[in-house]
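The following pair of complexes shares a single chain, chain A, combined with chain B in the former and chain C in the latter.
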Partner chain A sequence: MNQALTQLLRSFILKPANKDATDYFRGVVKAGEMSERVLTLTESVIRMNPAHYSAWQYRYRTLLAINAPLDEELELMDELAEKFLKNYQVWHHRRLLLQRGALAKTPAAELAFIARGLSYDAKNYHTWAYRQWILAYFNQDALWEGEMRYIENMLEDDVRNNSAWHHRFFVVFSNGVRKGDEDREDTIRREVSFTKEKIALAPNNASAWNYLRGVLEHSDTPFASLREFVLPYTVPAHSSLDDVRDDSVVDLENPRPSPGADLPCPAAIEFLADIHEAVGDLQLISFRQLWKSLADEHDTIRKRYWEHRISEAQASRDS
Partner chain B sequence: MFGWIACNDGRGGFVAIGIPGMCFYCLGALDILGLLETKVKEADREAWRVEEVPDSNPNGSRDDEDRRWIGGFRPGPFMHVEFGRDEATPKTRTAGALMGSTSTHGEADPPHLIMTYTALLALAILRDDFGNLDREGLVNLLRTTQRPDGSFTSFPGQGESDIRMVYTAFAISAMLDDWRGIDVPLAVDFTKRCMSHEGGFGQVPGNEAQGGSTYCAVATLALAPGQYRTEATLSVQERRRAERWLVQQQKPHQVFIRYESDDSENDDELAGSLKANQSWGREKLDQEVEKERKRKEIVEEEGGGFSGRTEKVEDACYSFWCGAALRILRTGLVGGAGGLSSQAQSHSRSHLLANSSASGKEVKQHLQGEEMGDDDEGDLVDRLTHARFLSRCQFRLGGLAKAPGAHPDPYHTYLALAALALYPPSQLPPPHQNPNPNQPAATFSITDPSGALGVYKERKDNDGIEPSDAELLDEMKVEKRRKERESWKIAQLDPLINATVETSRWARERIPRSWKQR
Partner chain C sequence: MSFKHSSEDGYPTPTSTEQRRLEIILSQHRPPPDHPKPTLQKNVHMQWLVRNFSQGFPERFISQDASQPWLFFWTLQGFYFIGAELDPQNKQRCIDTIMACQHSDGGFGGGPGQFPHLLSTYAAVSALACVGRPGPGGGWDQIDRVKLYSFFMSLKQPDGSFLVSRDSEVDIRGIYCLLCAATLLDMLTPELVAGTASFVASLQTYEGGFASASHPYYIADPPSLETLADYPRPALGEAHGGYTFCALASWILLRPLLDKMELERVPEINVKNLTRWLALMQGSEIELGGFKGRTNKLVDVCYSWWVGGCFALLRSLGVGVRHTVPSQQQVDNEDDDEQWSDVDDDVFNRFAIQEYIFYAGQHTTGGLRDKPPKVADAYHTLYALSGLSTAQHYTAPSDEVRERLRKEWKQIHDDSLDEWRKVAYVEARAWKEEEAASMYINGPGDRLNAAHPVFNLTITHVGRIMSHFYKQNQS
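Coming up: the complex of A and B.
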């Protein structure tokens, strides 16, 4: 195995095709040449090994030195980004080009390019990170404007796309206030109702629950304000709660779980327990019971975690 | 995580990992299994070690240039370009072949932070004496790569920058026991800003929470030297949110039964086809139908592993990234009170006090993970289900893959083993009792999933075997397991720098300047 490893490493190091191109590359760099043909050479080095960061860096410096048209370079990057979707350098190079003025007049085109990429790989981390960078870097109302509709479409396709949920938080809360969102209370209400609807659609969706918690924590809204909404999700379907409620009355504020939903929903039980914990000592028994039910029945993989919550609450009460 | 450079690519192969990275994963796996000495000849280990950057620079450019001298490691000699000096000597060409250590600071030949970190670890695993390590060069590399926002670029110049490089910068400084290369408060501020609304950390502020970046962030905070403890501490709220997000990534255990043939014949059809050949009575026929059905049964399991992001599928590498981050949080090293049991907690607090008084010995101990033993008291991972997921990730010819049925690679193999080292399954099923139930099993079989990891398979194995055979088989199994248990020891792991405790100790002893001066 040791010999095999050494062989493997050596064979890679000396792989002929690689060697030729990198030999030329070394020669070019040594001579300090920056020319059109350096662009051709670095392109072939990069195609063989897109993680060759020195080739990327030298290429970038050459582009600037010979004043190459950056929009043309960006076209090449369109192809390479698609080919090496999960490579760091390809996205980083793109950023450098944009920071140098490529696409300065039409950054919206970049959002369209990203959307194309996400239509193939809806959760690609680099692509979403790049979208966030574009929005924050150009910071133009016109760019931000389309984001909510885009996110809603993505969530229509897959309500469990956490990248889309995260992007929503990024757009609404993490980067200043969007045009039309100036009334923050109104914005929070809108976000809470949006999330409630998505939870009603698919209650066991950690992305939606995490978003809901994020919005409430960000705005210091007590979880208790959602008690009414959460309750029906904490009990088995067709439980005693149904007897006291009339399903024909549609409560828009508190959408009920969609028929056939898998209930009770552990995330809802957790949420209810958090409400009770926040209310304080009097309710101690109640949230301990809820955690216990998660530990023993509804979320047994996290048994240790729920037991830890119980003992942590106990410790903070004792201290 | 560092394998993101390539492993996630699927097209880049390990070409893109860089050679130190590859070495690190391969050697690290052997190190965890304690097999380095028995499976690898000393001569080979010697050959794998690298000639480091000569400390007293033979080409003498340290003083004659006003640019700062930068040391470090590149992904490999394929990028090797000597700037303004002669070609590498034959010695450095061969000896440096594997690691690509660099003594140049040419702009097209920069050392890489992640490669430098993995190369240092790989050399520590090989028990290199670090006699020629250019320590000042490493400090300068960090100085040159830190950005005004506190993060680090992957190499000097226009490299990308994110939390991975912040972590490697901290790990390098911790191994050097020299923090002059880093503006710590600035880097800590960057790190904390990476926390997302979910409670995990993203790669840069504003990005989605991800297991790998969460590990990097949490380990960075824990590695921060004692005098910056206040800055590097999470609030109770933050610690709880991070913990919640991390445990949420462990997937619930589920079992599915499906049948070999997709058209899933019903019992009547089965009975019909069986009856055609035999003249069985009703009772016998029913039995045979049942047997036939069992034979066609394919049981599929999922769960126990960790996903890297919310609502994504489990992947063996996140067993380490999420598992190690959780372990660090649970030791109370990054504050937010409330880790472990109250007793362990007060121990941890007094430990932190010792840290802030900058007692070198204490810091060292804490890095070596000596108090992070695999005592499962207060740990939040369902170990058995977790270990069983990883056992399903084993490829039949060896190695572990990211998921059952996928192709194995060094990256997932190493990280899965590292995760098992942190969370060895402690609930061993009978008849192979754990001699001391208070002491979690230090050894278990990973070659045979029907051993410690496969309570499940047992039921199937025994199907249709006569009692005497079964007994015999049982004895053989017990004996086989006992032997395996003896031969497979999993080392203790230091979750902060991601190496075995022994290797971590070696690195922390030999990499600092103080060792060299001895």
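Coming up: the complex of A and C.
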């Protein structure tokens, strides 16, 4: 194999792409030129290769050095952002401009612009991170106010969009207390019942379960408080549990799985096992048995992980 | 045998529709029971790597902040996984091309004349760890470490994070890259990493994985360590496989140094939630056991390393560590003559991820890919090989190696930093592969060399470059 490698590599030459533009750019940098011309040049380098961070960097320095109007630059970025949605330099450059006070529009208009980006690519990491930065950096009540409505629309479109769920946690819990959310217990209640409803709609949705766990852990609420809610999700659709319940009675606190739900739901079994582990009550179905059912039947790909949970629980009980 | 599709619960959304579409494609890649199982096409991949290398930089790589040092790292490390060795002339050409990317202000850029960047600096140093050597023209001693250090410090933020480059963003990938380079080249100082571990810890989201950055709130301007608010500290972006690897690896590099720093509050991460999130990233049987990078996203071969590799890192935090038990206690273990036998406690499915890589990751004309029907590229080829390597081998910190390195430590500088350097050196080099715990789904014909879980270099290469820069015996 080594012989072959040596032979094949004989022709090894590295060919830089975009030779002309990059050579020209290099020359400009070497000469330290900062002018209108440099803006034209870097723009064309960026249009050819939006990941050319040196061109972005030099462009930014030039903008500042020649006192170029930053609002115009922001307009150019509107166009480039749509063209190179996946590229994070585009978003970062916007951020630099905004930090320098470029804001022909208000930050609210910036949120609307981002929303347009997310309508093409609803899970774009950099776009979401940029939205979160706008909110935290300007930190204006008016900006935060519209977010819950926006998130609800996003989840209406796709309840499995984890980026939207993360954004909800960001808005409700991660930046201190928002206006209108001062009553924390009320906020927790609201978030828990919102999530329960989304789980009922499509129970096998890891995003919703993770959010639920996040809310409970963040507020030190015992998982056990959701036992009633979780139980119907841990058993097959038409099981004995249904007999003891009257379906005509609608329990708003504990929405039941939708008719199309695929049950039992592994995330619910895991949740129930965690309740039992925390409570440590031996009268309950042993959490070990629940984990075992995940390992052997409902979530076999993670067999080793569920067995790991069993041995961890054993170890902490022994110690 | 047919496997169960992910549940749509009678409520399809764009996410579940896309998921279903991929599951149908992937299930067609599982070989029927009566067919021979695909094995690792080492020669085909090797030729693909060489071809790719020789032809230069295809346009499409440039779009993923790729640069020349990255192409070198991805290709060279790929060669070393497969077990190929470069001849001296080709090595020299690699060294010279990489060194041409070193900037006059310190650090490496994406190409000659490009500004220095943490990501290309990592790639350059890693590639030099593979093919460089001490002495004139060898690359190692031509790295300007004094300037590199001031380049690093010029990027440092009051909250302990780093920009990836001048006027650029904060990103945990950059911090991982900086810590790797600084650890390999004996450049870690308390000044350099002050506050960094707290920053890393702040990236963990409610899901358990880590985000790319977090937003520092300051009590008043101008931003400084004194005015930095402890709370709130929101993560920007959701938990993500690539960022989680970089955060965890950074944490593993910093953790042993924490008690050498005077800290008001020792930062912590939630290992239980992290382990859970990582385990949940593995796709089910119908997804051939590949890893996803985020909740409710599609599997992708590169997460075989970014997520799969985290399970090796977790061993240094005591999760999934093999323990030795007397074999008498093992009733069913007859073919073991040893008095003691090992019981491994993996928390991920080492078998299934190898299936994903073999069945879905390999492109018939060579190279490895994200998922079918995509084409292969250098990035996915390297991280698929890295992921395969980490699934095949059991690598963990070894007390025995740690003890030996401590004993053999030669004190070079007579200063307070000596103990600090020693800890960094010993901990980074304590990782050891246990050949007996290897697992190959088709037998050892598919064997790749083992990767160092933090650096993604061979353990030999890590030892070689570190012993040079720390002026220790290479043992």
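We take it that the second predicted complex is superposed on the first by the 296 of 319 C-alpha atoms of A that agree within 3 Å, B and C clash if a C-alpha of one lies under 4 Å from a C-alpha of the other, contacts with A are read in each partner's own complex, and residues count from 1 in each chain.
Quick note on the criterion: a residue touches a chain if its C-beta (ideal position, glycine included) is under 8 Å from a C-beta of that chain, and two chains touch if they have at least 3 such contacts.
Here the structure is a predicted model, which is why all the values come from computation and not from measurement.
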Overlaying on chain A: chain B and chain C, fit or clash? clash
Would you check which partner chain A:315 touches, where first means chain B only, second means chain C only, and both and neither mean what they say? first
Using the superposition on chain A described above, determine whether A:176 touches chain B (first), chain C (second), both, or neither. second
Answer with first, second, both or neither: which of chain B and chain C does A:187 touch in the superposed model? neither
Answer with first, second, both or neither: which of chain B and chain C does A:42 touch in the superposed model? neither
Report for A:305: first if it touches chain B alone, second if chain C alone, otherwise both or neither. both
So, A:262: does it touch chain B (first), chain C (second), both, or neither? second
Using the touch definition from the top, say if A:122 reaches chain B (first), chain C (second), both or neither. second
Applying the document's definition of touch, where does A:218 land relative to chain B and chain C: first, second, both, or neither? both
What stretch of chain C clashes with chain B when the complexes are fitted on chain A: 8-16, 26-34, 224-232 or 332-340? 26-34
Contacts on chain A seen with chain B and repeated with chain C across the two complexes: 1-2, 5-6, 9, 12-13, 22, 26, 29-30, 49-54, 57-58, 60-61, 87-88, 92, 96, 123, 125, 128-129, 132, 136, 160-163, 165-166, 169-170, 173-175, 205-207, 210-211, 213-215, 217-218, 299-305, 308
Within their complex, chain A touches chain C through residues 1-2, 4-6, 8-9, 11-17, 22, 26, 29-30, 49-54, 57-58, 60-61, 87-88, 92, 95-96, 122-123, 125-126, 128-129, 132-133, 136-137, 157-163, 165-166, 169-170, 173-176, 201-207, 210-211, 213-215, 217-218, 258-262, 265, 299-305, 308, 311
Mind pulling up the chain B residues that touch chain A in the complex? 4-6, 8-12, 15-16, 18-19, 22-23, 26, 39-41, 44, 47-48, 75-83, 97-98, 106-110, 112, 154-155, 157-160, 196-199, 202-204, 206-210, 241, 243-245, 247-248, 250-253, 303-304, 309-312, 338, 342, 378-382, 385
Interface with chain B, chain A side, in the complex: residues 1-3, 5-6, 9-10, 12-13, 18-19, 22, 25-26, 29-30, 49-55, 57-58, 60-61, 83-84, 86-89, 91-92, 96, 123, 125, 128-129, 132, 136, 160-163, 165-167, 169-170, 173-175, 205-207, 210-211, 213-215, 217-218, 299-305, 308, 312, 315
Complex contacts: residues of chain C adjacent to chain A: 6-11, 13-16, 42-43, 46-47, 50-51, 53-57, 59, 62-66, 68, 79, 82-87, 90, 93, 97, 109-115, 117, 165-169, 205-207, 211-213, 215, 217, 231-240, 273, 275-277, 279-280, 282-285, 289, 294-297, 319-320, 345-349, 352
